[in-house]
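Here come two complexes built around subunit A, the first alongside subunit B, the second alongside subunit C.
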Partner chain A sequence: MKAVALFLPELYFLLMALVLFFCSLRRQTEPSKDFRLFLAMSAGGILVGALSLFQQGSLFFASYQVDLFSQVFKLALAGGVFLVALICHRLPGVEDRFHAEFYLFLTTCTVGMMMLVSAVELLTIYISLELASYSLYILIPMRQGDGIDVEAGVKYLFIGAVSSCFMLFGLSYLFGATHSTYLVDILPKMPALLASPVGLLGLILSLAGFFFKLSLFPIHFWAPDVYQGGANQLVAYIATASKVAAVAILLRFAALGSSYGYSFAQILVFLSIVSMTLGNLVAIIQKDFKRMLAYSSIAHAGYILMGVLTLSESGYTSVIYYAVAYLIMNFTCFMVLSEVADDGRDLQIAEFAGLYHRSPLLALALMMGLFSLAGVPPSIGFTGKLLIFTSAMNQGYFWLVLIGAVNGTISLYYYLRVVYAAYFMDPGDLPKVVPSPAIRWTTYALILIIIGFGVFPMHVVDLARTAVKFVLYT
Partner chain B sequence: MAEHLTNFPYLTCMVLSPVIGIAIILFLKEEQKFLIRAVSLVSAGISLGFSIYTFVAYDRALGGLQFVEKYEWVKGFGISYFVGVDGLNAPLLLLTGIVIFTGVLTMWELELRVKEYFAFMLFLVTGVFGVFMSMDMFFFFLFYEIAVVPMYVLILIWGSTRKEYAAMKLTLYLMAGSGLIIPGLLLLYATSGLYTFDLLKLHGVHFSPWVQKLTFVLLLFGFGVLAAMWPFHTWSPVGHVAAPTAVSMLHAGVLMKLGSYGILRIPMYLCPEGFQYWSSLFGLLAICGIVYGVFVGLAQTDLKYVIGYSSVSHMGIVALGLATGTVDGLNGSVFQMFAHGIMTALFFSAVGYIYDRTHTREIHELGGFCKIMPVASAFFITAALCGAGVPGFASFWAELLVFIAAVRVFGIGGLIALASIVVGALFALRVVQNSFYNEPNPKFTHLEDVSPFLGLPRMILIATLILFGIFPSLMLDLIKTAVVPFISGL
Partner chain C sequence: MAMQFSDTTFLACLVTSILPILSFGLIMIFTRENPKLSLAISLTASTIPLILAWGLLYKYWGIQEPLVYNLRWLYSDIVKIPFGFLLDPTSLLMLTIVATVSWLVQVYSIGYMGGDPGFGRFYAFLSLFAFSMLTLSISSGLLQLYICWELVGLASYLLIGFWYEKFSASEAGKKAFVVTRFGDVGFFMGLAFLTIYYGNLEIQQVNSAAVAQAMPAWLITTAALLIFCGVMGKSAQFPIHVWLPDAMEGPTPVSALLHSATMVAAGVYLIARIYPFFSASPEAMTVALAIGTITLLLSSTIGMVASDIKQVWAYSTVSQLGFMIMGLAAGSFFAGYYHLTTHAAFKALLFLCSGVFIHHFGTNDFFIMAANGARKLKIPMVTITIAALALAGIFPLAGFFSKEGILGALAHLDNKIWLFAGLFGAFLTAYYSFRVIFVMLFPREPIFQIAAAHSHAEEAHGSHGHGHGHEHEEEHGVPWVMNLPLLILAFFTLTLGFLQGALEQFLTGHAGHHEISIPLLVSAVGAALAGIGLAWLDWGAKNAKCVGFLSRVPALENFFIQKWYMDHFWRWFLNTFIYGLFSKWFTYNDRRVVDGGVDAVAFSTVGSGRYLSRYQTALLQVNLLFMVLVMAGVGLYLVMGR
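Right, the complex of A and B next:
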């Protein structure tokens, strides 16, 4: 019984996948029924996630660790799925008959990610990661389109496969050098190992798989094409929930390097700087909103890595906080996107013109989301970024923080361009946008969360700090 | 510095009053214009009331930090909500209260998107109050950014004259300044070894010389951008010209003081050795600003540009006072922040009134405006005289103190700055003569003069200038309670 309680969120989502699987077998397509079922069950997912928040234990021959750290992330994932479900009420990007499958694979992907955040053994990690990735390989080309979806799908598949190869190669080094696939066994051997190139190379290559998910330089170039090519709702999922899971496992894995800092951290410093600078600079010239967000996500991967590479308690705490913040604020932008693009098209930034006149509420939400991404207070993004900078500075990364802060200024420029379009450009003959009551209330809630947790971060920070103690073994 | 806790949260009420105002305004409809204005006025009035109270009730014999409220905010990162009043910020809180109150009155006639306008303006002012009262670097920076960002929207919607360019330029300049401030603040946080953002606790730490030097220069330039310190001033005239009247008032009157106050409160307070090292550069830039502002101002034909450049020059005086690092200099500098704030608010408010009626700010087009709108012109002329440093107005004392200190510390540099003030007087008189005492422009003869109600905010500003001009000790005694211990810590 104890085992069931520990595995409850995963079991719930597996059950959900099963139900959706039966839905997909239906002869007549009933998209609205599928949607309601998916929404209701994902709402239940949050409840299950919250109930099992304080579970603790290990499963499957200690290859699977359930602790506050993993449960916080599972709750965040369940929340992410529920939010994405909310904007699926119109799913014009996907053919009606595929809706049930669409939900099904979103669910299996979530199961994979939930397992990923709990996995503490190399093979379990790999399998969970692939379960999540394979679902996405199928989901991306599901969009109705002119071939851009297929291009995106193929690109994601290939780059995903290549990064998996790197990862497997790195894992084999770790296994070969330590004779164990358990993180617990590997950890004490890391200090000696990291002094040799084998250990360093093995660890860095192993991280490649997570860098791919996080769209961090140098495995970032799938992001713009996949963001543009995928259905808006799916991209919302990739940009939020999927990133959160990647952050979780990255934290758990990078902790392996904590015993021996210098060259390991230096490599991450380099990746972080290149990633945020590149992402922000290229985002400036984008015209497509989703492509812009893709480059902004590359930049944010750099910020997140900045917190990870501190390998300190405060750094990890701020990364967890920032990951949750990123989920909320990025989702806000995607929600506005999917509401404005009611026929599921890709949206040019210029198409936000006069959004203020077409829907004041969505314009406000867009502005809050973008300002939060840019790190403007009082918002959750500002507080998160400042906490990350603080912990990086505590470890003496002065230049990294300086570059990060300058990057914040650069990024404000392109976020402001969207705000400018939404508030000050003439709407012309662009139609009004009328959000449904559910979306309206979600918007209120999101705005409230963005401001509320930005000004009162203490509870989330405290929770994150307790959670961190479970991963940072030193 | 001694801390005296308060039994009533005066400062929190002061900063929350605009927030509550915003919350009420958001629930009103755009059509209920009167109600929106009334709510803004009341919430600004409450803040003003509290700021007057803290100014008057501050116990000058006791000194130190009074009305203190302190709560732990995020324990793990050493962040606390810590606000208090001392001699340095009490005048500035009062200034903010006066400017926002008169600012709301000045914009009473606004018709375009009234609801959002007042919401953004109150939001901005929340940030300003917050910066002045915060004794915790985290909240200081949080409020600082809150005060800076709404400007973009305010200029873009309600501005004029190349507003898109001005808004973007201003925002990017100020955010670039923040980009220098964050590393500076965090360097202090990290190297202190205390892991706290509490300014008073950090003051007890002796930072190593290189940390002090590095932090000081980062924060000097970071805050210097907002203080329109030469050569980072270029956003300011453009921004002030583009902004709507009350925003110019707030921005030139109050926001720019955030920069100079920031320099005073954080780098000078925490990094005395850094200050010693950089003070001559600081002084040099200040003198450049004073001279440059005056001479470029001479060439302008647009009244708002004239004021914009005079602000650069006057903020240079503030910076010069700080750079001297003497009791007189700091006294004068803080007093000048207050006096210049009120004076510029009066300037912009007068110009705004004239511009709303005539739709021009060209000096030559206005011609003999004094004959058409004697009262409106009188407001402007009063501000111009005050700007020229005529005795009887508050800024006279402030400038006097700063220049006494500057000549003593910087010698010839101080004299050059002083000499340029004479040119400044010429500058003010030329503008006054050309726009108010020439032949009146027949186009404008039908215009009516300021009504008593609309004249009220300007009267308040003038009364303040004269009150502190005649009784400077009201202000100086208060400032001194903080400056004397401040200097002994340098």
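Right, the complex of A and C next:
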């Protein structure tokens, strides 16, 4: 029974996948029924995630670790799925008969990610990662459209495959050098191992798989195309929940390099700087909103890596905080996007013109989300950035922080362009947008969270700090 | 601090200082559109401080040791900057004056401003002013005083430009703000000097003898002169007095409140507040004396030729402020401060009376008022005459005693030229104030002609003076809310003179022994009477020609009418140096260097984005190749760079 309790969130989502599977076998398509089922079950997912928040133990011959760290992320994942389910009430991007399958693969992807955050053994990690990735490979081309979805799907598949190769290659080095696939066994051997090229290459190549998920330079090429080509709701999922899981496993894995010190961190510093600078600069000239957010996500991967590379407790804490914050604020933007683009089209920034007159609430939410992404106080994004920058500063990365701050300024430019469009441009004959009550209440809640946790971050930070202890010292 | 909250005196100070700002916030945010509620809030927030101020004065009458409540805001080895309250006779008296005058003005404004569309806003600004001025008077540190000082300036700006739709009003507001700020720069630099070389901005410490040991004499003089710049701005001293006459564009109660009784007195109060510090520098005192004297003579002469009743009183205020500064600079703390007190009463009275006339006749020109029967308004006419008598310094009114004190202090100086200047100033003062009184009280035949000419000119000019829609409300009586403050102030004007001994005992701690100098007394009263007499000959007598004696020297009269060309001088100064030199080059720098730099950064950022994006949309093969190359490079670096 104990094992079941430990595995409860994953079991729940597996069960959910099974139910959805049967739904997909139905002869008549009943998209609204599918939606309600999915929404209800994902709401249950949050409950289950919250119930098992303080579970602790290990499973499957110690290859599977359940601790506060993994459970926090599982809860965040369940929350992410629920939020995405909320905006699936209209799913025009996907053919009606595929809706059940769409939900099904979202669920399996989530199961994969949940396993990913708990996995502490190399093969388990790899398989979980692939489970999540394969679901996405199928989901991306599911969009009905002009073929850009297929291009995006292919691109995602190929880049994913190559990064998996890197990862497998790296993992094999690690396994070969240490004769173990358990992180617990590998960790004590790392200091000695990192003195040799085998260990170094193994570690950095293994990280490539997570860089892919995080869309970090140099494995970021898929992001713009996938963001643009995928259905809006799916992209919302990739941009939020999927990122959170990637952060979790990156944290677990990067801890392996903590003994190597400066030179290892230097590589990460380099990747972080290039990633955020590249992302921000290219985002400036984008006209498509989702493409812009894709580049912004590349930049945010850079910020997140900044916290990871400190390899310190405060840095990890701030990264967890930032990941959750990123989930909230990015989701807010995507929710507005999917509400405004009611026929599931890709949205140009110009199409936000006069959103303030078309739907004041959504305009406000968009502004809060974007300001938060840009790191304007007192939003949750500002606090997250502040925590990350502070911890990097305390570790002596002055130049990195400086470049990060400059990047924050650059990013304001393109975020503000959207806000400008929403508030100051003439709406012309663009139609009004009337959000449903559920969306309205979600919007209120999101705005409240963005401000509330921005001003009073202590509870989340404390939780994150407790969670971090399980990663850094096991 | 915690313990102090149980101290009733501290609480009283806190309430006195905080209530008005609360009222300001409440009115501005919530009740601006509701005149009744705004009035209720504002009046409550000025009545309670009034009661508390009088209560404090009563409780601490005869206080020996100053009471200090300090919040240590910025304290270190080398810098000590407190925020808090300092209660001693000097501040208690000022607190009471400010609370009283601002309460009276608020009551008076019920009638004066009734029906104005900005009624709520007006009371909000009055509250802001009350907050700044009350807190200023009981500040325990110079920085706090400076902050309130600037807030007073802000409130003054808002109130002068209250009828901002009138171009001249908004211009006057700006002028007042900029000119006083000009002086405040000096004040701030003086504070900086004090902070750097002395490091303690507690007023009591600044007043202690330790300053003289910590700072060399030339530094004290420099700091004192710089601080005096602030005084010159706020108290409208030559050569930056030019804002005060223009400030009369504001509503008349504002003129009474800010530009006669309280705000302009802030400068004089500052000298009184840190009087020992100023005394430590004889050079600074001499400069102050000279400035005060020039101001006294200059503005009295302009007052002799003005035909706008508020202009006359404005220049009179400027001259009386100069007179106070003369008294202080001549070495008599009490004389200067005492004149401040009495002046607050009779000058507020003059303005409020004038306000009644302006309200009633819809013009600022006292010739027109006279022609239209100003003498029929009994109460204001009587009270304005009392106030003018006080201003001229006639026994037994308040002004007589305080002027006597200052002249006495001047007589003690070795150089008698100051005394003669003071006497001449008293003569001029009597002349210009009774010019107004006689014209209004006994309008002779020529007055009507002058009035006709003036009203003709006014019509040609378009609306003038009051300008907020009361012109056409004919023949309404004077409401009691406007008469009541007049009577109260008249009472003070009549009685304050007899409190000289008590006040001196309170302020200086010892009763002055006045050796009555008969020649001085005779010459002072003589000067005043001569002024009144001359005014009678020129304006009041049955067959008076009703032209000033100055008209025999047209060049001089014109010089005075042009206000000594001070406005021209400043205009020239601004055009040549500020706009022509600094502005021009700074604008150039702004446009070319700053803007250009920002543009360059922005364009290059966008440009590099465009450049980089070319490498982002390449073919999948290229992407993959790039990935592999970067990962390989990273691996190589790690292996080689170990």
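Here is the rule we go by: the second predicted complex is superposed on the first by the 473 of 474 C-alpha atoms of A that agree within 3 Å, B and C clash if a C-alpha of one lies under 4 Å from a C-alpha of the other, contacts with A are read in each partner's own complex, and residues count from 1 in each chain.
One rule holds for everything that comes next: a residue touches a chain if its C-beta (ideal position, glycine included) is under 8 Å from a C-beta of that chain, and two chains touch if they have at least 3 such contacts.
What you are looking at is a predicted structure, and each value in this text was computed from that prediction instead of being measured.
When both complexes are superposed on subunit A, subunit B and subunit C occupy overlapping space and clash. In the superposition on chain A, no contact is made by A:R358 with either subunit B or subunit C. When both complexes are overlaid on chain A, the residue A:R143 reaches neither subunit B nor subunit C. Shared-chain residue A:H99: touches no atom of subunit B or subunit C. Contact with subunit B, but none with subunit C, is seen for A:Y420 once the two complexes are overlaid on the shared chain.
In the superposition on chain A, contact is made by A:V401 with subunit B only, not with subunit C.
Residue contacts after overlaying the shared chain place A:T390 against subunit B, while subunit C stays out of touching range. Looking at the shared chain after the overlay, A:A208 reaches subunit C, while subunit B stays out of its contact range.
In the superposition on chain A, contact of A:L412 is made with subunit B only, not with subunit C. Overlay on chain A, subunit C versus subunit B, candidates 163-171, 289-297 or 397-405: the clashing stretch is 163-171. Across the superposed pair, subunit B and subunit C both touch subunit A at residues 413. Across the interface of their complex, subunit B is touched by residues 314, 317, 371, 376-378, 382, 386-387, 389-390, 393-394, 396, 398, 401-402, 405-406, 408-409, 412-413, 416, 420, 423-424, 457-458, 461-462, 465 of subunit A. Taken in their complex, subunit B has these residues touching subunit A: 73-77, 138, 141-143, 145-146, 149, 152-153, 156-157, 164, 168, 171-172, 175-176, 178-180, 182-183, 186-187, 189-190, 195.
Listing the residues of subunit A that touch subunit C in their complex gives 154-155, 158-159, 162-163, 166, 195, 197, 200-201, 204-205, 208, 217-219, 221, 224, 263-264, 267, 270-271, 278, 280-285, 410, 413. Every residue of subunit C that touches subunit A in the complex is listed here, in rising order: 602, 605-606, 608-610, 612-613, 616-617, 620, 623-624, 626-628, 630-631, 634-635, 637-639, 641-642.
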